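First chain A sits with chain B, and in the next complex the same chain sits with chain C.
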Partner chain A sequence: MSHNFPKSDQVDIMLLLEGTFPYVSGGVSSWVNQIIRGFPDYRFGAIFLGSHRDDYSGMKYELPANLVHLEAVYLHDPHEKPEIEAHDGNSSAFEVIGRLHDWFMAPDPDRLENAFKDINFYLDPASGVDYRQFLHSRRSWNHITRMYQERCSDPSFVDYFWTARNMHAPIWILAGIAGRLIPARVYHTVSTGYAGFLGALLHYHTGRPLILSEHGIYTKERRIDIFNSDWIQDNRNALQKDPTEISYFRDLWIRFFETLGRFCYGSSGTIVSLFEGARLRQIADGAPAEHTGVIPNGIDVDRYAPLRQTRPEIIPQVLTLLGRVVPIKDIKNFIRAIRIIANHLPQVEGWIIGPDDEDPKYADECRALAESLAVADRIKFLGFRDPLEIFPQTGVLVLSSISEGLPLVLLEAFAAGIPAVATDVGACRQLILGHGSEDEALGAAGGVVGINNPQALAEEALRLLIDPVLWKQAQQAAVSRVERFYTQQKMFDSYHDLYRKGML
Partner chain B sequence: MTWLKLIGYSLLGEFSAVLALLGPQSASLRLSLFLSAHILACVVLAMLMTAAFPKSYVVKRRTIFGFFFGIGFFIPILGIIGLLMGLFYFRFFLKEGNRTEFSTVSLPPFMTEGSETGPGMGEGGAWSRLKASDVPRQLRLKALLAVSASSGQNASRLLQLATGDSDDEIRLLAFNLYDRREKVISNSISQTLQALREADNPLKRRDLCRVLAFSYWEVVYNDLARDELAVFFVRQSLEYARQAVELGGGSDPALLVLMGRLYLKQGDVERAGEAIRTALEHGVHRDRVIPYLAELAYRRRDFEELKQYFQSDPLLRHKPGIGPVVQFWMG
Partner chain C sequence: MAGIGFELRKLLKRDSFLAVLHTYAYAGIISSGPWVLSIVAVLIIGVISIPVVIPHFLVAQFQTSITYLIALSLVFTGFVQLAFTRYSADRIFDKEHFRLLPNLNGLLLLTSVTGGTLAFPLTLILFPATSLVFRMLFATTFVVLCCVWIAAILLSGLKAYKAILINFAVGYGTALLLAIVLRIWKLEGLMLAFLLGQFILLQGMLLVLYRNYPTRSFVEFDFLSRKRVYVSLVFTGFFYNLGIWADKFVFWFHPYTGTNVIGPLNASEIYDLPVFLAYLSILPGMAVFLVRMETDFVEYYDRFYEAVREGGSLTYIYEMKDEMIRMAREGIYDIIKIQAIAAIAVFLVGAKLLDMAGIPQVYLPLLYIDVAAAGFQVVFLGVLNIYFYLDRRGRALFLTSLFATLNLVLSVVSISLGPYFYGYGFALSLCIVIMCGMFLLDRDLQKLEYETFMLQ
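== the complex of A and B ==
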């Protein structure tokens, strides 16, 4: 898969991408594509971090010409391991690891051991703990067993051992990448997590600045995944179980990602969020306030504007949800809302536009729900489609997510002259109702409802579908808002400034 | 508009009655003219008052009509003015009282500090912690997890409420826990629908329709669907219950009781009564259906019969759910 990748010996900006462009389609990936193409004078490189190679079916985007270097690394694929041989491990380095695990219990950014910022700690067996020591040394075993005895509330040591191993192994893979990666003038990660950790290591190793642009809040989204996951074991029996505690392993994974997040925040010179609420959340999660800032997404309005002329006179009785079929988008909420709307508008249709191969089990559950609600014939799973093709046939765009950043799809729909109904997450309220007096004066571009409330979602959508005057007003507000506040040029200007300063 | 006209007629009637008293006619004629006009005014106003009276307080409409008529009739002029004021209040200011969700005052300091909450945090304890936004997040998360460990309507309702919490963590965990409950039933319905499509004999179809009826009901019973969705689930449940009966399940007492409950939900008292009586004929234990029979009697406003049902089972007052209702009626 990797032999066709462009290669270079240095780049201006190295993008660190976890589970997004170019192998996964979606809002963040589109944004990355947009950014690379928006700065044709800069030479970009990208590291794609994925889980398993088989989880990705191929590139979803054509690579821009100025993406001159690309690597894909699969963190959980089987990889070459050092030969097994008995050894004790570096005693002073394991003492540092012990202190780090104590620090995790009361993290203070000023007291983090400097050793962890040095990639040699992970790569050089003499000064730190290399991968061989982590996997096979006696001190590593002792450390894991001590942690289990002192902290683990799950009875299974086997599960604890393998959880600890699988959780930490990518750290050594990432340190290896940081040690051999081609030089860049600026590192830019679009999430914390593993990509953010890699960015932090690269920053400390090379001295070059790290920019973090968070679309969703990574730790929050991992938390959702971890709550949803069935693969994380809980081996406590009825007598051991405290119903007020989540399972130890779930908690461990959450704390692990929180720690990676803090490490990344601490090393980023600039921390960008998409809206004020997200910025405050970053600060609450450990980001230094003075490094944070807001740059909203922007889109190429001219690309979508002509669609306003191609719309039919009457409002199409089609509600479109544009997004991946994954739990975070709460597609089920949309399906339930269609059930309610169908009681009033029997001809209504719900189109779900987006790939359904990321979480096939969830996609099956959605289809099952549509069937149990007797709307299987009203709900169409149309897979990935070009929005330009879908928008003219859409009456109202719906976003039923339980978590969002600043969804590009809302801006695109607005530019195409389509009002929207969205859940009150991320920046959706700001996009639909406006933010600040000047913006709010433009009016409502649709409706905002609480999460997991299909009745409210249906009522708002129905209100727009059956009232052409209201629909027209919402359309006007949508178009005015995107044209005034969310243009691509505004966003490019802000990032141009950041890149320029970073390259000094 | 009709209301305004009727109010106008009643005012005109009362005004005419007063004028009649002051007229030059004989005393008996003046009295009869006064009474006719006064009675007309009182009847019209009492009718309007009865119609505007909150439904939840109506026991017998005739009694209410008589009461308002009495006020108007026996207190001329002032009574009419009083009724008009009452009507104005009922019409424009009185709203049907929906129960509002309570919110708690701040918890005592030691409660919020105690992180060692017992594993058996009950619904009430969990509720009070969840509703108090000044309690540390960690404790509220624990409360949420405690709620999720219990089943039933209250837990679902609490989880649903928590999905609207202002704290992201609480909201997302609540959503996940709520979704897990719903998913189990939804998948079961889908699998049964699939099996029903493939079923090739009436007996099997009957059994599958029965499962579907109970599965759809399960969603409503656990309060996992509200408003119009709940109406839809009741309709679906009833539809499959009917199909099961048509396919030979007419002597299945549990199914008949379910149908009774579904009709009750839809407000069809007659069919509900019929289904429960048939269930009794087919051997359902009387104790099981007493609450529904009592509810039917209540809907018919036959409170004597209602009390008889409660009297017939002395243990009923100690049962959860129905117990407090029995204690209210029987003292």
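== the complex of A and C ==
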């Protein structure tokens, strides 16, 4: 698979992509695709970081011509491991690691050891802790047992051991990549996490600037993943378990990603978020306020504008949810809302447009739910479809997610002249109701409801479906808002600025 | 077939002095019964033949032949003993019992063919002065003995010690009875009696295996597949058996101590009898070894690895390791203690016993040192066994090869130092390997959890 990747020996912008473009479709991936195509004069490179090769079924995007270099790295696949041999390990470097873990308990941004910024700390056994020492040395063992004894509240040592090992192992893989990657003038990561950590290492190693664009908030999304995962062990027995306390290993993962996030924030020259709420959250998570800024997503409005003319006169009694069938999109919330709407509007249909192969178990649960609520004939799982074909048949766009960044699909629907009802997550409120007096004056482009509240979601959607006047007003607001604030050109100009400054 | 550890623990649970005594007696009988039976049976056959088999040196020829057959077949099958023990233990662990019998048949076939190919031509060439019948019997007995050891290995892997003991009793009993009838044919008659006894012993053990582990395929060579054979165990088994017999070979073939008995076979009048008598004294040590290893040590060994695998806390893992170490140490100390008592008993009554058996008192010093050495051998077995449990095959190979080398070299040295030092080579070599083994064990157990977790 990798042999036909484009390869180059130098690029202008190196994108660091964790679990997105080109192997996973979704909002962030589409945005990456858009950015690369939006700057045909720049030579892009990309590193795709995935978990296991088998988790990804082929590329979901045609590679743009100016993507001249692509590598895929699977962090949890079996990889070449150092020789297994008992040895002591570097004592001074393990002291540094010990201090780092003490520092995690009471992080003070000014006192992070500089040692961790140097990739040689991870690669050179003489001055740091290389992969072999991490895996097999006595000092590594002593460190792990010390951490377990001082901190772990879960009794199972074997689970602690493997959690710690699996969690940290990618660090050495990433340091290896940072050491051998082709040169670039700017590094651009689209998340914190492992990709952000790689970006930080690259920045410190090469001195070239790092731009961080966060669509969602990585640590927050990870937190949701971690809460929903059953692969994280919890071995506390009934007496040890405090229901208000999450499993130690979940907590460990969360703190690990928070730490990677802080490391990335500390090294990024520019920290871009999509909306004001996200920027504040980044600052709360440790981003230096002076490096943060907002660049909202923009879309190619011209592409969707003609759809406004092809719409039928009457409002189609169809609610469309565009998104992957995964728990974070809370498809079940949507299905329950359809049930409630169908009580008043029996002919209503709910369309779910998006791949359902990412979490087949969840998709099955959703189908079963539609079945048990007797709306299986009202709900259509249509799979991946071209929005251009779907929009004219859509009455109201629905977004029932429990977490979002700035969803492009809302902007696209707006451009196509469709109002929306969305949960109050990410930038949804800002997009539907406006942000700032000039924006708010444009009016509401639909409704905003609380998360996991199918009743409210149903009520808002129903209001729009049955009231053509209200619907028309919302359409007006939607179109004006997207044309005024969220055009692709506006976004490209902002990034052009960043890239140009970065390349100096 | 319930595991022996289970049975012994059940006995111990009754929790009275008598129950403890009963447990050790039972363990002693099942662990030492087979070889006590064989030593005693061969001695008795000799004694009852003396009035009939004339000239008398024919009896010595018989006993020497049997001693060589046992020694050579043990050393020869040494190459497969441990490897096959491990193979069958792994299959039992994997619950693949159906593989046991076909692979036993495969190994028996392999051993018979290679053993026969070696034994028949060599016997024909090397025993020119003996009858053709003797030569045929000699080579056939070699092959059958090899098969007996291998079948016994599988049965002990299945912890069917009782079945082994019963079959040894029946086999050697038959040999004894047949010897009474066949002794009129002198050497050949005694050899035939022994061979038939061994044959019945082998068939009896196979019968137990066929009954308990029915299988569809008859012969398999899965035990030879690359993934399942441990080369280090092949050599460890060989060196262990070579080590045990090295001093005997040295004394047999050294010009000072060996005399020719039959064909190329030498015996050592001065060395042999005390050594074989001394081996009878390790019965209590073997009983302690079995009880300590199969109950106490294994219990904490299991708990330790269960805690590692199933998510015990680190403190609990440490505790179980400490308990396991304590059990290993106590087991070894108990073997030393009981063998010390056995040695003192021999020191006290040895002279009288020799008198009663009509054995000259000159053997006494050699008997003393051999009793000590035989005791050391049980301790060595204990140390090795811990290494096998910990799967430190490299250590076991090192210790057994060191033992074989030392026993060979020091036995030669002891002969040149004079009769007073006879037996000291054997004792000293065991002493050295035990000390090495304990020293290494101490270090290895210190690092046990580090190596268990980090070297994977």
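The rule is simple: the second predicted complex is superposed on the first by the 504 of 504 C-alpha atoms of A that agree within 3 Å, B and C clash if a C-alpha of one lies under 4 Å from a C-alpha of the other, contacts with A are read in each partner's own complex, and residues count from 1 in each chain.
What we mean here is this: a contact is a pair of C-beta atoms (placed from the backbone, for glycine too) under 8 Å apart; a residue touches a chain by one contact, two chains touch by 3 or more.
Everything numeric in this text was worked out from a predicted model, so none of it was measured.
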Answer with clash or fit: chain B and chain C placed together on chain A by superposition. fit
Contact-wise, after the overlay, does A:343 reach chain B, chain C, both or neither (first, second, both, neither)? first
Contacts for A:141 in the overlay, against chain B (first) and chain C (second): which applies, first, second, both or neither? second
Mind working out whether A:114 is in touch with chain B, chain C, both or neither, as first, second, both or neither? neither
When the two structures are overlaid on chain A, which partner does A:450 contact: first (chain B), second (chain C), both, or neither? first
Looking at the overlay, does A:91 come into contact with chain B only (first), chain C only (second), both, or neither? neither
Mind working out whether A:309 is in touch with chain B, chain C, both or neither, as first, second, both or neither? neither
Is A:332 contacted by the first partner chain B, the second partner chain C, both or neither? first
Greater residue coverage of chain A in the superposed arrangement, chain B or chain C: B
Vertex chain A, arms to chain B and chain C (CA centres, degrees, nearest 10): 100
Look at A:365 in the shared chain and tell me whether it touches chain B only, chain C only, both, or neither; answer first, second, both or neither. first
Overlaying both structures gives a minimum C-alpha distance between chain B and chain C, in Å, of 22
Output the chain A positions appearing in both contact lists, the one against chain B and the one against chain C. none
If you look only at chain B, which of its residues touch chain A in the complex? 117, 119, 121, 141-143, 145-146, 148-149, 160, 163-164, 168-169, 171-173, 175-176, 178-179, 182-183, 186-187, 189-191, 193, 226-229, 232, 236
Sites on chain C touched by chain A in the complex: 308-317, 447, 450-451, 453-456
Residues of chain A touching chain C in their complex? 84-86, 135-138, 140-141, 145, 148-149, 155-159, 161, 233, 235
Touch list for chain A against partner chain B, complex: 220, 223-224, 227-228, 241-246, 281, 327, 330, 332, 336, 339-340, 343, 365, 368-369, 371-374, 402-403, 450-455, 458
